[in-house]
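Take a look at the structures listed below.
Across the two complexes that follow, chain A remains constant while its partner is chain B and subsequently chain C.
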Partner chain A sequence: MATTLRTKTKKTKAAASSSPAKWVGQPIRRKEEDRLVRGKGIFVDDQKLMGMLHIRFVRSSYGHAKITRLDVSKAAALPGVVCTLTGAEVKSMVKPFIEIGPDAGQKIADYPMAVDKVVFQGEPVAAVVAETRLIAEDAAELVEVEYEPLPPVLTAEEALKDASLVHPEMGTNRNWHGVFEYGNIEKAFQQAAHVVHIGRLHFHRFSSTPLENNAVIAVWDSRSERIEYWSNNSFPSFAAQFLSPALGVGIDQILMKSFDIGGGFGIKITNYPYMAVCALASRKTGGRPIKWAETRTEHMQASAHGNERTFFDTRVALDKNGVITAIDSRHVDDCGAYPRYEPLGCVIWAQVLPGAYRVKNVRIDVNQVVTNKCPVGPNRGYSRMQQLWFIERILDICGHTLGVSNDEMRLRNYIRKEEMPYTTPNGCVYDSGDYAGMLALGKKLIGWDDWKKKQAAARKEGRWIGMGIGSTLDSGTNNFGQAQIINNFAPFSGQSKAANVKLDIYGEVVVSLGSVPQGQGHETTAAQVVADVLGISPDLVKVKPGFDTEQNVYTGHTGTYASQFAVTGLSAIHGAAVKLCNEISRLAAWALKGKEKDLEFAIGAQGPEVRDRRTKKSINYWGLANLVNVNNAGMPETLWDVTLNCRHVYHAPFQVPDVKRKYGNLTLTYAAQIHVAVIEVDRETFQPKILAYACVDDCGRTINPRIVEGQVHGCTAHGIGAALMENCAYDSDGNLMASTFSDYTPITAMNMPDLLYGHMESPSPFSYNGAKGMGEGGAAPVHTVCAALQDALYSSGVIIDDSHNTGDSIFRALQRAGSGGFASMVRVEHPRPSR
Partner chain B sequence: MSAAENILVRIRVNGEAREALVEPRTLLVDFLRENLNLTGTHIGCDTTYCGACTVLLNGRTVKSCTLFAPMADGGEITTVEGLSTDGALHPVQNAFAECHGLQCGFCTPGLLLSTIHLLKKNPKPSEKQIRKAIAGNTCRCTGYQNILKAIRMAAGEMGKP
Partner chain C sequence: MEIKFSGVFTVRKTPQEVYDFLVDPNRFCPLLPDYQSMEILDAKNFLVKLSVGISHIRGTAAVKMSLVEAEPATRAVYEGKGDVPGGSATLRAGFDLQAAPGGETKVSWLGQSNVVGRIASLAGGLLEPLAKKNVQKLIDGLQKALG
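Our next item is the complex of A and B:
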């Protein structure tokens, strides 16, 4: 069946002679642009509903404290206030959210509002609901809360000590522990020519901070007994599976809708606790719509941050050529106050366990701890970027220590093009890629050899110029089976996406996306795919913006996350379009009294049509849709299954991993980015400045090159911002130091360098279209910037041990280096000196 | 906290006389969005950093989250909704769309107005002048590369005789 369809599709394409042979692969202008440049996007906060009320949260000013008194009476008395909610009241209305992790983590009672004590700054302790936003804000100020501060737990080291407990019911701060061990570690270390010991490395907290904050409108109408959400949550199926048991309603009673979303980058996956409170407020006010539009400070303090990770006791075995043969290390991931999407991050990093390298023997002991900081959530490059940064630090530290240049170090260790598909030590299958080729292109783009000369000359003048390389894998289309490595009772695995393509009553081609786009251009790429199948132009394909449960195009995996739309989303759309194409063909053969084999898809005087090559008769899409929907008397029974309304679910070909061995394929595709940077550190101010920056990406077959390039630009900006500016650091009392944009300083046009962009295509053998998901980008610049900084400062004794570097931290690193800090950071042994 | 008396704010917005009775503390951005239903102007940071709320007041860019509506009383405001003429995109809008100078589109209205202001003052801006002109507009999606390209394209288009 599938083969026949493919043939038909080919004929179709040939018939559309007036347009380019294939829309897929063309850099067409996005369908989304027109409404967005007119300011006609519809974001959640742009909506007003009849009788709508506004909710405002009262939030903890402490990171860790007992609530000793909470009084909402003055707030409740303010004219215009409709109701208040306290943590105790919320507790009586809901069940705690489900916990994904096993053991101690199962004991956490995660309510959407603090009940007896607060565990992070910004945690909601009460809410007020009022007729206007301003009244709600005034009323929130009238809520009286008294606290008794408790010692905050703020670092991995403190958390592991269990001296102060974030959740006493857990009995520990350790949320998850597991050892990932592959190959023969001890043998590899015994046989090593060099063993490099590396001290504490630290990957800092940051967030992609989408420009649109979280926002929700909730209606829990007692008449319909259903909860309608208009939100910017980017993983609605996940949110619904958390909300349903907490609120005690069936999933079918929870309707999720999104339209335009002002960026997400993963951070909006975990806004469901606020969605829960908004529903409760709606119920309490007799079903009135409740709007919550988060402020930026609320977003910074209490939405979600990316995972912070600390790496201890790292040992690296190398052979005499500088080829890494084994890595042994202990990682502690800090998930903040509540796990929520965690501890999934404790396995997701293993999608890229060896990075881009051939190392076979790996042992990583993983702990995850809870701390008195904002809960983490999946953040662009989620959990893999920490591992990639760790591996890239190893490459640079070992390279510098052994005197092997950073490009040579990579070439000696990269997985080779001819080894693809490559199975990693933990059973992941890298589908395709040519890392050495990408590096060569990156070096060419930036003018590596010229810069080497300039660097040497500058060094003679005493200037600090460094050249760095970052090798990044953007693993896409995750296998949820990896959750069973975290908790073998976790009832999920695989990956799937749904989509719908139909001819509507007047013959319009209409696509319902089973995704939740936030700027990635899904409407456009979907239209490109459908246009190719039907032999029409993307302009004739209407794609409904956003996600809507009521369009029935979802599975339990539905959302936009894990770099996958080009594979999963487009496969679903393609499958639905092919089904539609097949139905059109059967219907047209009957309508034209011809045979399917003689039909061709074409554009006629009245729009898209199907033509009989033999008889020259034709019927357009309106005519076909009319026959099925409005004018269907006399249709033969053999065509009653033709609805011209075709749903398709794509299933990624996954198995459940071997949970005991922690072994199996965790992701379907591996896009790659190799970045190269030249950075100078000012001798006076210690400020780093990027002098040149090149990025090379390979995401398999490209659907729309301008969208791909735009995604690469965007993830590069996030990475550069994270590496040099953005930091969700806390002071010793548990106060977030960057609770506004003025403190967090997201990167602007003033400090974003020009990017040199290169592109290669290694088609994936595992997707129908050869595409790989992309867009997260694995925080490539964080690795690259750190590599360049170390290259600039290594001769001054500096090892870059943190992912966040500023003039201030570089100054301190140089001071430490001067006082023997280097020796405590890196130690080399030569158990089997090279012969 | 006792409510001050509401005051009448009259502003010409996109060429039309508009007015509303509002609390004196009403921010200009809320006046535009809530009272006039012009939701193309967005709120991103609340603290004058991100520029999603940028509009033109008497021909100059202002961050409408940092002005009270009464401060604009009697003034002329242009928002993103006022940029196209008879449905045709303004050259700056077209350049952003053509260069893929936006992804989620949340920052775009503010950037369009900053660009229009720049090109009015300085039809042939240098790279540095362009970057400076949009320094107060944060975009979290594009890494600014295609925004800079769009502004260069718009300058070229608008400079044509």
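Our next item is the complex of A and C:
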């Protein structure tokens, strides 16, 4: 049964807001570009404050070891060194960070620095604070640390055995466990025409690798007992909620600021442990500013990686037509050494429980384990991409096994356009979408039928060419109530964003966002929305980017994450702009001695103005602002509430989910991307090469097509990199084998295929503007590349069981296939053979 | 990252002479590749400083060595632990001595090292050939010194 949600928006009285959108929907250039392209962006590491010191962390060489000796005396004695910090000292100054999860997870003592033992390579064990960065680096080399190695826990399987414990105080490596069961699983399997059993599938670790690494400047002002942060944390209101109890200060004593941020994609949400140490260092040095600018190797080793997930014992029930009727599986998520933002990932995947498909009966047993690897953090497509990859792998494996082509398999299983809004088995409501239409567009773009012929001809020549499809959902605007499914004491639910729009004293339209953009173009889209409400040009709207606690334009949900700004941020901005518009109308009607219904917003000789259509009199924004702010004698009391400084908080229409049933709407909008690829695997080097690539996006009503297309390009590059190049692999001792870009090989323009891009619009009925959040893309290329590789190699007995595929891994997969690997990977039963 | 090497060589010295050489840090340690200096801590423990470097990662490694097994004329085993630039390393070097015809000694050796830390990440692929080269230098040095 579909559930309909509707949001309420106030209509404005003035003419401007009732006219059709002039700027929303236009591909205008980004307002931010001028500043950023000219090198005028202001990033944390650009800041130089009076008396500023630099901190350098000493990091563990081991993945798992006891610290047997730590001596900072030589470092402390180096000229230029101001102080040092050790784990023991830090422990005496802070409380452990709060844990979101219940039970065993609550027992973890997560300090921002290792105290007695290290649990991942790169974990800070000491810090040196010095007058210059170079002195701090030299001094860090003088810190003497001795370790006693412990057996590292590096895989889901090892973690589940509990033979070696990452956190002995937990008594287990299992951080969270839950079963998500919907429909009637056993009945569906009894009635199935085919049951496909799939062995181990594995979604690898990769990261977002933003251009700008983590960075923070902290000042602990002992007089005011306030901590001021200038950072690139992308969810500052969340970070403050972790920092406040740990540092023992009120949350109002923590001031957060951000300005330009060089990418993040979620991974900067969890940099708050470093923020805590910087604050402690500032306190220890009498309130001097402390700067930490992470190196690339530090970022790779010890910031955050995306979640790794292993899928075991999967059973899939299908009817005689290849329609999937049930999925039963066991998933183990590896969150690394400390949960931090986790175990939220153990429920966030459920936003896309059935993927883009109509399967009604689902049982997934979810475990999350801690391991001796870098802690995870939300990574573009956070937790949903692992589930979407799993579902897409099922589609392809079942399709190949039953002899149904990959496009037909999808068409038989897609949720239909006419079924929207569609309620999934776990109560999520897909707002709108036409997945079959998107696939048709993708096939048209790439020339599917032509490639089919070329593929057939190439196969006769012995070439390995595969065609793959990846169908993904970009669920946006999340309901924090899902945290209560993880821990019913979690004090989170709903979703909200605040914005402020004002006329300043000189009549300039100024928007304060409170969001934390990292390249998403918030300044531009905000200006487009406000320009339409006020009937002016986006050039006349000044948007103040970044987060600033003192401007009070935030809620506890404020940050940039979970594909939501187009809905939450722009709804807040729209609401504030409408309030401002109404105030301007009331004020102008008084000033012009007219009636609100006769007013129109226009551009006059002196800029934006309000004009009385009847009398032709007008007053410009400067005049209006002047009346309120500095020239208000004689203003009637009925207008004293007009401030021309309007704040609006958007609340998404959510309920708290049914925690026991794990049922409810977990997110508001569902953008979709369907990608199609043609890939050839070289028969001599086994290296895959993309021959053609098409991506189709549907994010509802588009605010700025240029920005949307850029986001699709970005997430496609990220996904192709993840699928074919990028891997945070560890060796058997817990050494990260990709701690530089030389080893991690992030994708560059040189590795990118030409992208064919298509766009559809299925407006969301749940947002005021029909828009849906987008930009994460659900890691569509990872699914697409795997699908195409399997299509290329299936006839050689290969099932693609890992999300990361290189020439080397493909060679090994072919070797396994030759020695009966396929049979152990996939088994088919036909309990009720189709007649 | 574990690296293991082993081999056999023969020298024109008696097992006792070879043993005496191996357990004397003043004679044995200077043969270590890129040896800088040594500090004797007690009869079985000493601190050796070595120059180490792979590509741009260069510096001095301070390795604490211990003679953990010493059976005259038969066996000598060292264990070491130290910090190298960007990481830590443990090592074990064992020598089994067997009398050979003509007053010679057959030396069966086993070298095992475990390198962890940034250096293993940055230079993992280079470590094994470098270690092989250095071990060969040590063995060549031993053969030369033992005549």
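Details
In this text, the second predicted complex is superposed on the first by the 814 of 835 C-alpha atoms of A that agree within 3 Å, B and C clash if a C-alpha of one lies under 4 Å from a C-alpha of the other, contacts with A are read in each partner's own complex, and residues count from 1 in each chain.
We adopt the following convention: contacts are C-beta pairs under 8 Å (C-beta built on N, C-alpha and C of every residue); 3 or more make two chains touch, one makes a residue touch a chain.
Values in this document were obtained by computation on a predicted structure and should not be read as measured data.
After superposition on chain A, the partners chain B and chain C are accommodated together without colliding. When chain B and chain C are set side by side, the one touching more residues of chain A is B. By the document's definition of touching, of the two partners only chain C reaches A:Asn735; chain B does not. Once the two complexes are laid over each other on the shared chain, residue contacts for A:Gln121 go to chain C alone; chain B is not touched. Contacts of A:Tyr147 after superposition on the shared chain: chain C is touched, whereas chain B is not. Within the superposed three-chain model, A:Gln518 lies in touch with chain B and out of touch with chain C [touch as defined at top]. Contact with chain C, but none with chain B, is seen for A:Ser61 once the two complexes are overlaid on the shared chain. When the two complexes are overlaid on their common chain A, residue A:Thr297 makes contact with chain B and with chain C alike. In the superposition on chain A, contact of A:Thr748 is made with chain B only, not with chain C. Rounded to the nearest 10, the superposed model shows the Cα centres of chain B and chain C diverging by 70 degrees about the centre of chain A. Between chain B and chain C the least C-alpha distance in the superposed model amounts to 10 Å.
Chain A uses residues 141, 297, 740 to touch chain B in one structure and chain C in the other. The residues of chain A lying in touch with chain C in their complex are 59-63, 121-122, 141, 144-147, 149, 297, 301, 731-740, 743. Residue ranges on chain A touching chain B, taken from their complex, read 29-30, 32-43, 45-46, 133-134, 138, 141, 208-213, 260-263, 265, 293, 295-297, 518-521, 706-707, 709-711, 713-718, 740-742, 746, 748-750, 752, 754-755.
Chain B meets chain A in the complex at residues 1, 23, 25-26, 30, 33, 38-50, 52, 79-81, 83-84, 89, 93-94, 96-98, 100, 102-109, 112, 130-132, 134-148. Of all residues in chain C, only 1-2, 59, 81, 83, 85-88, 90, 114, 116-118, 120-122, 124 touch chain A in the complex they form.
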